[in-house]
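Before I ask anything, let me first share the structure, which is written out below as structure tokens.
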Amino acid sequence: MNYQQILESIRRDIEPLKCEGKQADYIPALAAVDPDQWGICIDTLDGHQYKLGDANVPFSLQSISKVFALTMALSLAGDDLWQRMGKEPSGTAFNSLIQLELEHGKPRNPFINAGAIVMADLLVERLSNPEQAFINLARDLSGQPSIDYNFEVARSEHGVAYLNTAIANLLKYHGNIVGDIDRVLRFYFMMCSIEMSCEQLAHAFLAFANHREPFDHAGFRLTASQVKRMNAIMQTCGFYDEAGEFSYLVGLPGKSGVGGGIAAVFPGQYSVAVWSPRLNAKGNSVMGLKSLELLTTQSRQSIF
Amino acid sequence: MNYQQILESIRRDIEPLKCEGKQADYIPALAAVDPDQWGICIDTLDGHQYKLGDANVPFSLQSISKVFALTMALSLAGDDLWQRMGKEPSGTAFNSLIQLELEHGKPRNPFINAGAIVMADLLVERLSNPEQAFINLARDLSGQPSIDYNFEVARSEHGVAYLNTAIANLLKYHGNIVGDIDRVLRFYFMMCSIEMSCEQLAHAFLAFANHREPFDHAGFRLTASQVKRMNAIMQTCGFYDEAGEFSYLVGLPGKSGVGGGIAAVFPGQYSVAVWSPRLNAKGNSVMGLKSLELLTTQSRQSIF
Amino acid sequence: MNYQQILESIRRDIEPLKCEGKQADYIPALAAVDPDQWGICIDTLDGHQYKLGDANVPFSLQSISKVFALTMALSLAGDDLWQRMGKEPSGTAFNSLIQLELEHGKPRNPFINAGAIVMADLLVERLSNPEQAFINLARDLSGQPSIDYNFEVARSEHGVAYLNTAIANLLKYHGNIVGDIDRVLRFYFMMCSIEMSCEQLAHAFLAFANHREPFDHAGFRLTASQVKRMNAIMQTCGFYDEAGEFSYLVGLPGKSGVGGGIAAVFPGQYSVAVWSPRLNAKGNSVMGLKSLELLTTQSRQSIF
Amino acid sequence: MNYQQILESIRRDIEPLKCEGKQADYIPALAAVDPDQWGICIDTLDGHQYKLGDANVPFSLQSISKVFALTMALSLAGDDLWQRMGKEPSGTAFNSLIQLELEHGKPRNPFINAGAIVMADLLVERLSNPEQAFINLARDLSGQPSIDYNFEVARSEHGVAYLNTAIANLLKYHGNIVGDIDRVLRFYFMMCSIEMSCEQLAHAFLAFANHREPFDHAGFRLTASQVKRMNAIMQTCGFYDEAGEFSYLVGLPGKSGVGGGIAAVFPGQYSVAVWSPRLNAKGNSVMGLKSLELLTTQSRQSIF
């Protein structure tokens, strides 16, 4: 498959969308990003790389980092993790408290904020230095020891984190947070602040595209079956209340973040990372979504 | 792949579950079915068939028939269909009115009852004889001209259809039903009453597993891309509030019905139908779900 | 107290509001009413009457008739009535299905549509000719044998009653409707279609202002304590999601209808009926509400 | 009216209920209270006092203190207060987050926790020493300079206040908390920790029963009309999701607290305080509710 040619074609086709949407601006560090950027990178399991645009510019992973958190949590707790959260699509915005109250503090899935905060609690509880363990995993997966947190972003987010603090307190009220709320949230925001470029992110997700071999990185291990199940969760829960739309238009498991990034995998074939800061009303990158739709349409390859 | 051997192994492994769950009994015709039945059939795109158990016993398709309705609706209306309903997982039970009221009469997806009733309205409006067109499609897909409605089931269901009548009236209130409510519901219950055996159903779903060629049956046409998108909707919305669980454990697009049947596809490879009347609390067949989980686990084949 | 002088003063003070709000127009008969009308009438327990404006023009009682239905239901069923509905304010619009589904078909109170439909079912079940019994009560309370239903209004409403039909079906699904849905709704809409003038309505409500003697009209009997409790329910539930506002601004038990009427009582002193067709966003008469606020403010008399 | 005789009769009649319900035990100080206590005190506007049982034992006012907070907030902000909260019954439990999220951080009324936290924020913002001002008002109203906070109770509650912290953060997220969350909650829990006996509490509420004269205590002033409107809010919102029941059975404006106290007023006549620690499922005192129901039934006096 001539992916490079497809990427060139995508670049032309998304041009009309370049002013649509609005980047996240709830903290200064995200508001300061030049919104007129777009990059994409594909890594295939047989060792090729295809990239275009601003594929080497690091950006804030935000919710994409929840995939790494789930990797660690599943590796440490196995299916016991599902005692503390579900794996069903939420059908609501990522930060809603309503469902969490109705379901007595059991988050619908690991990728809404409530679920990721419970995972952060589990990691803080189980690991002596969760921040170090998390960054080690990210570095190992991406093959880039230089990857790091953006402490300024983590600090800023924590400072205005009223909604996530509300969620964490509601979880604690229902007994689904073991540790200290502030400690858990500090780690949660550190995870979200990690930065990668499309090139690094595509490389990091190659491990999830490889569904035939066990996963073994930075001390975290998953069976091949567990890797496939992580893909299943990305598929049904990776895009908040736009999961169905992404599944319909793109047809790949993936995860988005408000930094404008999206990572996805075509199991057995490739991983892809795309980035563009302008978001639609649901909080997903406008040009990122369109790029992936065009990729699976033009390559005629999707999981369906 | 030696599917026949896998089916034999599945039969042994599900044995302990044979008394779990409870068949649908809200109408006499469903309550009268012998619950201790189990059948399965796989049809591969390269022309093989593998079956076991009560694979030739006809059962009531119920919600599985919504897949055929979506085929017809997409063929007739194309993406205009999405003006009248969404394609997001509902996160709630199949017959909930709450979400429908909050979202002003626009059903979350085609596979909850509200969505299927809107599709029924569209088909009643567009087709001179929707009942005939629907049965023609079912017969053509299954290759069995003998397939038919069970009029007694349709009549019984219509007689106790308070919740679906409530849904239809709420849809009409919001302007999302064009036709006469009774007429639309009559067709809706006729669709649900259709009966097939696992063998017939697997054959009928082979058309959705075939994602490389356009779909053209009984006058209804879909592009290959549309077929893939139907699979995407089955994947995210096919199992009500257990869609995530099915995706996690099985990893195939599919659709279940309260008659105890489940049909699923492994795109590019095979279709499968399984049937066993005892249902779990979410309304999905206990042994059916387990059979498909074992199938993808033992074959190590899923979309992820 | 010089009520006549207060009424004159009210007429001057509400003048600026005369173009605010919008009359109900979901059926032709209501849409055809001249919206620029306003009438008010006070009946005191010591036998005086004070009136002003269009106090003799009959209008459609609509939801105000639910007070008469509650009178009959309490008289027939006593506190058993509360097995089938609550007596708590709903906090939602009068026609919401959400709460009803969450609370498994038990309406929050008798004055939301769901509660009134359950009362209609009870009356249809217990009375051989509920329409006759209802109109007898209305005639006896108002002292006007000429009072009657508006059949055209009842028929029109029934014809577009998608939401109320949805409610009735949801009630039936939960086993909270015994009779035939169409029969129950026919009676429900007949009740709502009854017409009175302010003068007649004030007279009819005098029986509820009289909290010292048992109620005994047209064969329906309530103890003095039951009359007081009916006032309590009017106080907390009589104005849908504006009950608190009415309590705060007016401070009298009362009931409004989309025909633009409001009836209220000052227990031990007087009853009052006011009418003006233009409604606010909550479905209550703009000038009616203001008139009553001015009445209790200027007379310095309220239950608080 | 021979209230003393009625109180004696009440004491006999509630005897069978003495083991029903369960006292609040979420903090040690409340769990340690002897649950088998009951006291009642009536203060009439013409200067008589009637009491019985443990009427001199101080107890934790908890939510009853919200009435004093509303007094201060209305005095300071007037009707501007309603920009920040509603005055409608909530129809839900006192600590629900669902409604608050749906209504974008505007609490339904001043007496649910969210509303009281917003009032606490307003008082912290407007007063240089809100704790002092609050206790001054309580001392002035009760005529007892010895009345005080229970610091241990305030500290304990703050320590386990996950749900209220969630509420406060959600309010802050929606911009409806101006000050520092911890500061606001510290004051909120101080208010709740205040202790009074029935005798002191009845005396304090006499000011609300007096609806003919302006309110002027400890520097806080309300018009007679505002006092009546406070009673209206107690009537519709004073008992969480049991407001309708209280209105129906008792028929007086009042306010309950999880300490087991209830204060109520019969405007123009008397105030009453009753206390008994065992609570029903809604968080209201079992014997307290029954005592007040018997009081208005036997005296045949209520606002209706």
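Going by the order they are written in, the chains are A, B, C and D; count residues from 1 in each one.
The working rule: a residue touches a chain if its C-beta (ideal position, glycine included) is under 8 Å from a C-beta of that chain, and two chains touch if they have at least 3 such contacts.
The structure displayed is predicted, hence computed values, not measured ones.
K.L.:
Please report the smallest number of touch steps linking chain A to chain C.
P.N.:
The distance in steps between these two chains is 2.
K.L.:
In terms of residue numbering, is the interface formed by chain C and chain D classified as same (over half shared) or different (under half shared)?
P.N.:
same
K.L.:
Would you mind pulling out the distance in Å between where the CA atoms of chain B average out and where those of chain C do?
P.N.:
47
K.L.:
Taking each chain's centre as its mean C-alpha position, how far apart are chain C and chain D in Å?
P.N.:
32
K.L.:
Roughly how far is chain B from chain D, centre to centre by C-alpha average, rounded to an integer in Å?
P.N.:
Roughly 55 Å, centre to centre.
K.L.:
Two or more other chains in contact with one residue: find those residues in chain B.
P.N.:
none
K.L.:
Could you please write down every pair of chains that are in touch?
P.N.:
A-B, A-D, B-C, C-D
K.L.:
Which residues of chain C touch chain D in their complex?
P.N.:
Against chain D, chain C makes touches at 86-92, 99, 108-109, 211, 224-225, 228-229, 231-233, 235-237, 241-245, 247-249, 251, 253, 267, 297, 300, 302-304.
K.L.:
Per the contact definition, I'd like the list of chain B residues that touch chain C in the complex.
P.N.:
On the chain B side, the touching residues are 96-98, 101-102, 162-163, 165-167, 169-170, 172-173.
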